Amino acid sequence: MTSAAAPEWQVAAWLNASSPVSLARLRGKVVALYAFQMLCPACVSHAIPQAKQVRQIFPRDEVEVLGLHTVFEHHAAMGSAALEAFIHEYRIDFPVGIDQPSGQGPLPLTMQAYQLRGTPTLLLFDRQGVLRHTLLGAVHDMQVGALIAGLAARTTTAPPHQSHGNDGACRI
Amino acid sequence: MTSAAAPEWQVAAWLNASSPVSLARLRGKVVALYAFQMLCPACVSHAIPQAKQVRQIFPRDEVEVLGLHTVFEHHAAMGSAALEAFIHEYRIDFPVGIDQPSGQGPLPLTMQAYQLRGTPTLLLFDRQGVLRHTLLGAVHDMQVGALIAGLAARTTTAPPHQSHGNDGACRI
Amino acid sequence: MTSAAAPEWQVAAWLNASSPVSLARLRGKVVALYAFQMLCPACVSHAIPQAKQVRQIFPRDEVEVLGLHTVFEHHAAMGSAALEAFIHEYRIDFPVGIDQPSGQGPLPLTMQAYQLRGTPTLLLFDRQGVLRHTLLGAVHDMQVGALIAGLAARTTTAPPHQSHGNDGACRI
Amino acid sequence: MTSAAAPEWQVAAWLNASSPVSLARLRGKVVALYAFQMLCPACVSHAIPQAKQVRQIFPRDEVEVLGLHTVFEHHAAMGSAALEAFIHEYRIDFPVGIDQPSGQGPLPLTMQAYQLRGTPTLLLFDRQGVLRHTLLGAVHDMQVGALIAGLAARTTTAPPHQSHGNDGACRI
C-alpha cells in the first residue's frame, strides 16, 4: 500500500445511485466501502447493519457509505435481479455497485485488483482516495467508528499517513 | 381448525432429504415446519436459527424439523439454485421443501391451502398430523420450546386437543 | 434424586410475597426456582431476564416462578437492603426468598441441602414437589420452555418420572 | 461549556489505581469517564461492557478509561465494600473513583459540579482536560468510537474546539 490513490472500482452497474459513482468523484470525503455477497451470512448479520449504522452516525458530506457486490461463488444465485430483491427486502438505501465479472474465473475484477480474500471486507479510503484500511470479517462497531473518525479528522492538505493503525484486522 | 389431520404438503422437491417427506410418513412425531423465504430478513435472522435450535434440543425420533420455501414474491431471485446456495451457506441440515408454485398467481399451493399470511410462519403438528399452532412472525424461543414439548407430552392415543394455547401469535 | 418431595426451602425472609411461600403450599403447580446472587454477572444478564420470561409465558396457576438469593460470597455486599434495592431497580415482581445463612460457613442452608454448586442454578419441581431438574449456569430459553412444559403436561396423578431428560445441563 | 479545563473530580477513594488519579495528571490524553452506579441496570448491561471495549480498542497512552461511582440512590446498598465486590465480579480493571458524598443530600459532589442528570453518563475530555461531550444513557458503540477518535486526532497544541458535534446525546 502506498500513498497513491487506490485503483478505480470496476463496476458493471450501480443500484441506488442517481448519478455515476467513482472513487475520483468522492475525493474530499472519507469512503467506507463494504464488499459483500448477498448470500454470505456474516455480511447479512453484521456488515450490512453496520454499514447502515455508519450512514446514520456520520454526516454524508463527510463520509460516503457504499456497497460492492463482489460475487465469487454461487454466481447463478446472486445475479442482479436477486441483488435488487435483496436490497429491497433489507431496506438498503446507500449505493451498491456490482463488481464487474471477469470472463475468466470466479473472482470479479475489483476484488482481484484489491486482492480481497473474502467477504465481508470493509475498505476505508481517506479524503485523497488512498486506501487506508482493509478489514476482513466482522469488525467491532467501535473500531469502525474510531477508524472512520480518525480519517475524517485529517485535513485534506495533510500528507497521507503511510502506516496502518493497530486495528486488529486481517489483511492481505 | 379441527381434529382431522392437516392437508398434505404440496412440494415440488425436497432438499436435504434422502427419502420422500410427507406429513403422513411423520405420523407419530411432532412436526415443526418453518415456512420461510430465503430473502425474508426475519426468516434469516430469527426463524432459521430457531429451527436449528429446535433440531438441537429435541430428539429427532420425537420431533421433526422441516423448512418449506414458500416463495410469494421476488420469484426470479428465489429459484431452486438460489435456495441450494442459501442452504449451503447457512449450514441448514434439515429437509427443506419447495412449495409447489401455482400456475396462476404468486402464492404457492401449500401456502394457499394453509392460508398462510406471510413468512416466517411456524406450523406445529401433533403426533396425529393435526395442525395445532400457526405462528406468524418472530416467536420467542421459550414459547416455541413450550409448545413443542406440550405436543410431545401427549400420548398418541389421547384425543386431539381442540383449542389453542395462549401463545400470543398472529393467526389466520 | 428420588420420587419423594424435595426438602423444604429454608428462607430467612420472602420479598415480593404477600403470604408465606413454601414448596408444600405450591403442590399442584410446577415450580421454577432460580437460585441467584445479585452480584453474579450471569445471574443478572441471563437468569433474571429468563425468569421474567417464564413468568410471562406460563400461566401463574400452572407454573410458579421464584427467586432464591443464595449468597455464598461477598456477604457484606449482598445483605437484605442491597437485595431490596436490586429487586427494585431490576423490576423483579416475583417472590424472592433469602436463603437462610448458616452460622458456620459461607454456604446458606438451602444451598447446602440441595448441594448447589454455584449460581445461577435453576431448580424445576413437578406438581408433586419432586425436584426434576437442577441446571447450573446459562440454559437456553428454548430448553427451559421445553422442560417446564414437559412437567406441566404431566397430570397430578401420574407416577413421578424417575430419570432426567437429556437437557444438557451440569448437575451435581 | 467553555474551553477551560473542567473542574477537578472530587473522589473519596480510587479503586484499581496504583497512583493518584486526577484530570490534571491526565493532561495530554483523551479521557473517557463513565459515571455509573453498580445497581443501575443500563450501567451494568451497557456502560461497563462499553468501557471495557474502549480500553481494548484505544491505546492506553492515548486514551484513559475511568469509572466514577456516582451514587445518588440506594446509598446503603452501594457502599465501598459492595463496589469492591462488584468490581471483582465484573472483572473491571480500569480505575474507579468513588464520587465524594455530600453531607447534605443524595447527590455526590462531582455529580453536582458537573450537573449530571443520571447514570450512566459518559464524559469525554480532550487532551487539554476540557469536557467535550456529556452523554446520558446508552450510546451506540460506533458513536463512542467516533467521538473518542475525533478527540484523539486533535494535536495537543490546537486551540480547543468550542462547539459540540452532532452526536445525538442528551446534555444538561
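Here the chain labels run A, B, C and D in written order, and each chain numbers its own residues starting at 1.
The definition used in the following text is that contacts are C-beta pairs under 8 Å (C-beta built on N, C-alpha and C of every residue); 3 or more make two chains touch, one makes a residue touch a chain.
Remember, it's a predicted structure, so these values are computed and weren't measured experimentally.
Between subunit A and subunit D, the least number of touch steps comes to 1. Ranked by separation of Cα centres from subunit C, the top chain is A. Averaged C-alpha coordinates put the centre of subunit C at 37 Å from the centre of subunit D. Distance between chain centres (mean CA atoms), subunit B to subunit D: 50 Å. Remark: subunit B and subunit C have CA centroids separated by 34 Å (rounded to whole angstrom).
Counting partner chains per residue, subunit B shows two or more touched chains at no residue at all. Under the stated contact rule, the graph of chain-to-chain touches is a ring, a single cycle where every chain has exactly two partners. Pairs of chains that satisfy the touch definition comprise A-B, A-D, B-C, C-D. Taken together, the subunit A residues at the contact with subunit D in this complex read 50, 53-54, 57-59, 140-150, 152-154, 166.
For subunit B in complex with subunit A, the touching residues are 39-41, 44-45, 73-74, 76-78, 81-82, 84-86, 88-90.
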